[in-house]
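Below, chain A partners chain B and then partners chain C, in two separate complexes.
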Partner chain A sequence: MATQAQAANTTTRTTSRRIRQGSFFNQTLPFWLLLPTLLIIAAIQFYPGFYSIWLSFQERQGAVWNFVGLRNFERMFGSAAFRESVGHTAVFLIGYIVVTMAASLIIALLLNRKLKLGGVYISLIFIPWVIADVIAGLVFGLLVVPDYGLLSPILSNPTLFPPNGLSIPSDPAPRPWIQGFPFPPAPAMYYLILATSWRALPFVTLLILAALKTVPQEIVESARMDGASGAQVLRFITLPLILPTLVVALFNLMLGGMNGIGLVFTLTRGGPGTATEVLSFLLYTIGFGRLEFGRAAALSVFIAAINLALIMLTLRVSRTEERVA
Partner chain B sequence: MSNQPLIPKRIAALLATFAALSLLAAACAPAAPAAPAAPAEQPAAPAQPAAPAEQPAAPTSEVKDFITWYQYDEKNEDPKSDERVGNEYLRKTIPLFNEAFKGKWRWVNQPQPFDKMATSLVAAVQAGGEVPDLMQASDASIIPFIKNGTVQDLTDWIKAQPWFADLDPSAVAACTGPDGRIYCVPVAMTPQIVFAWKDYFPDGYPKTPEEFKQAAEALKAKGVAAITYFGSTAFDGEGTPRFTNTLIKSFGGTFDDGQGNMKLNTPENVAAIEFLREIIAAGYVHPRTWDGTTTPFIEEEPMKTAEAASFPTGIFGYRYVNPLKAPSGKEYNKGNEEDMLDAITAGDVIIAPFFAPAGKKPGCGTGVTGFVIPTGAKNVEAAYDYINWVMSKEQNPDWVLGPGGGFPALRSMLPEIEARAPVAKAFYEQAAAAVAASECRPWYGTLERRDEAKKIIQSVVYKLTKEDPTADIAATLKAAEEEYNKGN
Partner chain C sequence: MQASLPSSQGYAARKRLQPWLTNGAMIVIIALLMLPIALTLSTSFKRERDVLRKPPVLVPCDGPDGRFSLSECRFDIEGYERVIAPRSNPNSLLGFSLTGRMFSTYVPNTLLYAFASSALVFVFSGLAGYAFSRYRFCGRRALMVAILAITGIPLLTNLLALYQMAVDLRKAGIPGYDERMFIIAVYVGFQLPFSVWIVKGFFDTIPRELEEAAFIDGCTPIGALWRIVVPLAMPGLLAAFLLCFVNVWNEFIAGYLLITKRDLRTVMFGMYDFLSQNIINYQVVAAACVLIAAPVVILFLFTRKTFFQALTEGAIKG
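Right, the complex of A and B next:
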């Protein structure tokens, strides 16, 4: 009996140990499965991120980095080029988001109707999305080259654009309404906004279109039977229901607008003068043009902080909107 | 049994961890050499253009790759390429070098975009990655290179070379850092001059601003702009070392106070900008002057078609400003550097110094192009051999005429070049006279943050002349210099 009891005890201990072991792996399995992704994210996002923060307090002197405290930030905030660039970024971002969201919403609403050849339109709309920024920038640039650009005869027409026609590459900005803030912008900024919006249009349109497809038609029909106009249906039913998608699109546009450089680089190179020198282009110039990596890192930290702030603000606003809706 | 997982969870977790660690290890491993380098033990590659097919391969264990970074690509045979002159030079000389150093070095060129070379080198050195043994560079990059520890101090070596005494002192000065050490080897000097259509200036290029305005008014009546220049802010203010410096210095102005501070608000600078405003308002400047941000170097176009009568730029402009159509309708359309040289020889184009107010000497920026040896270069001996080879009487003229695009830094080489390329004789004679009549100095003076400075200067000149021609010149210049000096 004693032997049997011993055997039973041993079996129980072994089983409970196995159970414990099993439960350890069961409990930690999600961690193990996530580990590869976490490590990759750490390697390609956290490490460079923290390195940039470290770099923003350094200055290169020969073969070594020297700690310079907040000097890079002081120089950044004290720089007129930086302040100008913030203004250009604000103008660009607002213009880009408003134009893209408005145009995408209109196109998506049109495509959501049962149109003949609807699939063809969607395919056509998608074309700008598959074209690289660099190619789009070069093509948009060629369109407005004075003398031989495709749009040159229209732009150089003094009747349409008095008194001497319009030169996108070189016409400066009008005198600003508020001293120190670059508004109204130069023609090149309008053109940059147009080109950037054209590139982003397909993605946002498809996002909104997909969201519109999920709006229950019975609710729309009920509202119409109750006498709601098209505008009222849009304002009180459609837009609230697709709000989460609009917020996602807004995130996308904000981050793309803040950080994108491809079109600026190939289309205007920050010019004419500094009329389209947005923060991302200034960052490129300081870091990869002047090779001042400490200053560039300080600017990149600032841009990252602005990105975070914009995201948090949008989330807060969208949550409030959702609650109201 | 059907519930049994195919791979036990523990093993799956371990595999996942292993995979992740492998990925990390792979990501952190040093990059593989970019050059198509054959292992030293392998026979010489049959593609080597230098090795005659019938000769046996050289003792392969001694042959080492010599890696260079040029802005030119010997494999690019496009006759319309903007860099066709340099591309052709490399195509011709790589086999010659490999033949000269057969069994010792094998030249492998890795082409780089001209506006990314410096950045790539700094990044490669700092990351501990593969760097070339030698890179083509200009004096404009020297300060950032020194600051980032990117290039080797060549002082002792260069001073020990037999050709050192023959180097133009201003070329050596351009390669010298603030610490008095020499960091680059100058091979060609690139002063700023004026290319002008002779038919538009039958009495020669104007010598004073007043003469210029007089000639410009007459040209305007014919529908011709008197001048086109690099007026945009493209390439981070590249117009500063070109036209802006020429103008300001010709009026007796300056960019610095001699102590490393920017000094723009001077009566001479103000006078220069007032003059520029005046000729722009009068319509003497071609509108393409400011379009370079969208279409780089478009300001050259009016000169090519004779819509503009003159074009102040670097001496290297002869390689790029082609094909040409003279005011008489005569065309020079080989589409290479010979177009400009032919037009000069034929007397259609003249080279002149810029004009200057009475009592002042025309200003002229100058720079050098040559070589640097990066920190961490593996084959410094090959780089030394290569530099000596390029500085030889046989090779130097080709480099100066090709990648250099200017005057030889070795003073004794000019007659050799003229003898080697008779088509360039008139060009060099006129260019030498223009430079002799000017005061040629590096544009930056004592300014150390040259890239930042050139953007600030070009932006302020653009603002005062194009963006807001009514703005207070002195106050705007003062604000611009303060912007720079804050960083001192």
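Right, the complex of A and C next:
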């Protein structure tokens, strides 16, 4: 064992010496390998990001940009549209995450039972993920067109759905029970959650399934021998073991939910009224609809901060997982 | 002791029944998930008269007496014809040309963007992934985290600046500059971070000893990358290529905001445009949905193993 490690060590040293002995090009090779990637990412991601931060402190007056300090942020965070949109985003995220996580967990647990057709099932389940969000929005939109949509007879059935529950895009939002918080959400919001979950579910199912495959069968079997019920095995063995993956999936879902816009764009366009105007769509309306770039930049700095926090948390969790594994 | 064990007879019965129950549950779930797709397919094959019926019918198979019979089914490809809009044209290779904007303009454009950006992502992520996987230079971990963290900037934020950039570049009048180059660069920039992580993960699984043997035989690092690592890590590189291809094909908002010339726009803009043009012709919209979603769905079904591997690797490690 020791000799093996030693041998590996020597070869590594030989190769690194060989590389060090090479030309200038070979010595600085990692830099040249990374150069194209870094240049493109700098131009398409870094520069626009910093430009937005700069933009968030500016206001256009005529043809010139003037420094206005934090006024964009004050106006953005003080506006009723922002506060409303945060509420909509919260409702959307909670609904979307609960629906997607619950459905994916159930499907993954079923698929983990080593079915003969498991491969076929997961491939079929994955089709919604491949379909573009614009197309998913159109497809879901066609189903609920008032009178002609194939689901509209069900949705307009007064016994199944009380009045106000039909024709998703045109109905007014119900009056919120909690002041200033859009709850219960408009029917359009339920439908948006459903459509978004439909697209996100395959990916989360795949993640959870991959984690379930790593749960050692011996532990499960010995627990069953000791008389643990299926529910107890799930609660005390399976779920704790796949917890890191569940957390990664959760953050992934939150990131997707915070930033996805294609579905909102084609399905509801933020409507009816502002009932489905989530933060990403508000950013679009302010930035590209009303061309108020300064305020849009202030809002996007806010969204970017949340995203960054989520990514850092994901990294931390997955690194802990690596250490455990 | 005796009581806590499940009775052997019940246990055996459950063991026998379980696969049936699980399969049954799976089939119900898949039927529910496939419902929107099935309904779109059925709408796309309807005639305009059947689309505009109140109440709507699932399949237009009822006779004048309102009863279902297979011989009464009225399916039509009118919707597809109106998307593709073929006109006979003796000069063309196939004897007809496609005059619908979708297939004469948007699909070729998107194919160009998707192939060009996937090829660039393939090369660049291969090079960068190799550097991250094989060399320990200062700032390596920080750079990798920075590349990932940069994806946290909302897409629309980047587009605010890229929109300005596109306007400036157009005004600058650089000879040979084309909107197409800019949009390809933007797609590459959006797809690279995740691809680099996937490819690096695949490179990490290839034992270093193989390259070291090559070094001893006098191979340069680039030679070792090209002759040994790339062939072995092909699944990972292909996954990066395919993911990029599907993402560019499905991308809407960047193409919508950054491309000004109508002749250079992408399929998803075409889809969005269809919505505003064919507001009553639902069968045309449905047919367009089927035609545009089909290529990536078929591509995915053939390469699903690569996708699954890359997605689980990339998401858990990244």
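Just so we're on the same page, the second predicted complex is superposed on the first by the 257 of 325 C-alpha atoms of A that agree within 3 Å, B and C clash if a C-alpha of one lies under 4 Å from a C-alpha of the other, contacts with A are read in each partner's own complex, and residues count from 1 in each chain.
Everything that follows uses one rule, which is that a contact is a pair of C-beta atoms (placed from the backbone, for glycine too) under 8 Å apart; a residue touches a chain by one contact, two chains touch by 3 or more.
All of these numbers come straight from a predicted model, not from anything done at the bench.
By the touch criterion defined above, A:274 reaches chain B but does not reach chain C.
When both complexes are overlaid on chain A, the residue A:75 reaches chain B alone and has no touch with chain C.
In the superposed model, A:256 makes contact with neither chain B nor chain C. Look at A:145: by the touch rule set out above, it reaches both chain B and chain C.
When both complexes are overlaid on chain A, the residue A:134 reaches chain C alone and has no touch with chain B. Shared-chain residue A:62: touches chain B; no touch with chain C.
In the superposition on chain A, contact of A:240 is made with neither chain B nor chain C. When the shared chain is aligned, chain C comes close enough to touch A:52, but chain B does not.
Looking at the superposed arrangement, the partner reaching more residues of chain A, out of chain B and chain C, is C.
Residues 26, 29, 33, 36, 40, 43-44, 141-142, 145, 147, 288, 293 of chain A are contacted both by chain B in one complex and by chain C in the other. Taken in their complex, chain A has these residues touching chain B: 25-26, 28-29, 32-33, 35-36, 39-40, 43-44, 60-64, 75, 78-81, 141-142, 144-147, 167-170, 172-173, 175, 188, 267-274, 285, 288-293.
Across the complex, chain A meets chain C through its residues 8, 11-12, 14-15, 18-19, 22, 26, 29-31, 33-34, 36-38, 40-41, 43-49, 51-52, 55, 106-107, 110-111, 113, 115, 117, 121-128, 130-136, 138-143, 145, 147-153, 198, 201, 203, 206-207, 210-211, 227, 245, 248-249, 252, 255, 258-259, 261-262, 265-266, 280, 283-284, 287-288, 293, 296-297, 300-301, 303-304, 307-308, 310-312, 315, 318, 321-322.
Within the complex formed with chain A, the chain B residues making contact are 9-10, 12-13, 16-17, 19-21, 23-24, 27-28, 116, 118-119, 122, 126, 144, 146-149, 232-236, 287-296, 298, 301, 375, 449, 451-452, 455-456, 459, 462-463, 466-468, 479, 483, 486-487. Residues 4-5, 18-19, 22-23, 25-26, 29-30, 33-34, 36-37, 39-40, 42-43, 51-56, 58, 123-125, 127-128, 130-132, 135, 137, 143, 145, 147-165, 185-186, 188-190, 192-193, 196, 208-209, 211-212, 215-216, 220-222, 246, 249-253, 257, 268, 271-272, 274-275, 282, 285-286, 289, 292-293, 296-297, 300-301, 304, 307-308, 311-312, 315-318 of chain C touch chain A in their complex.
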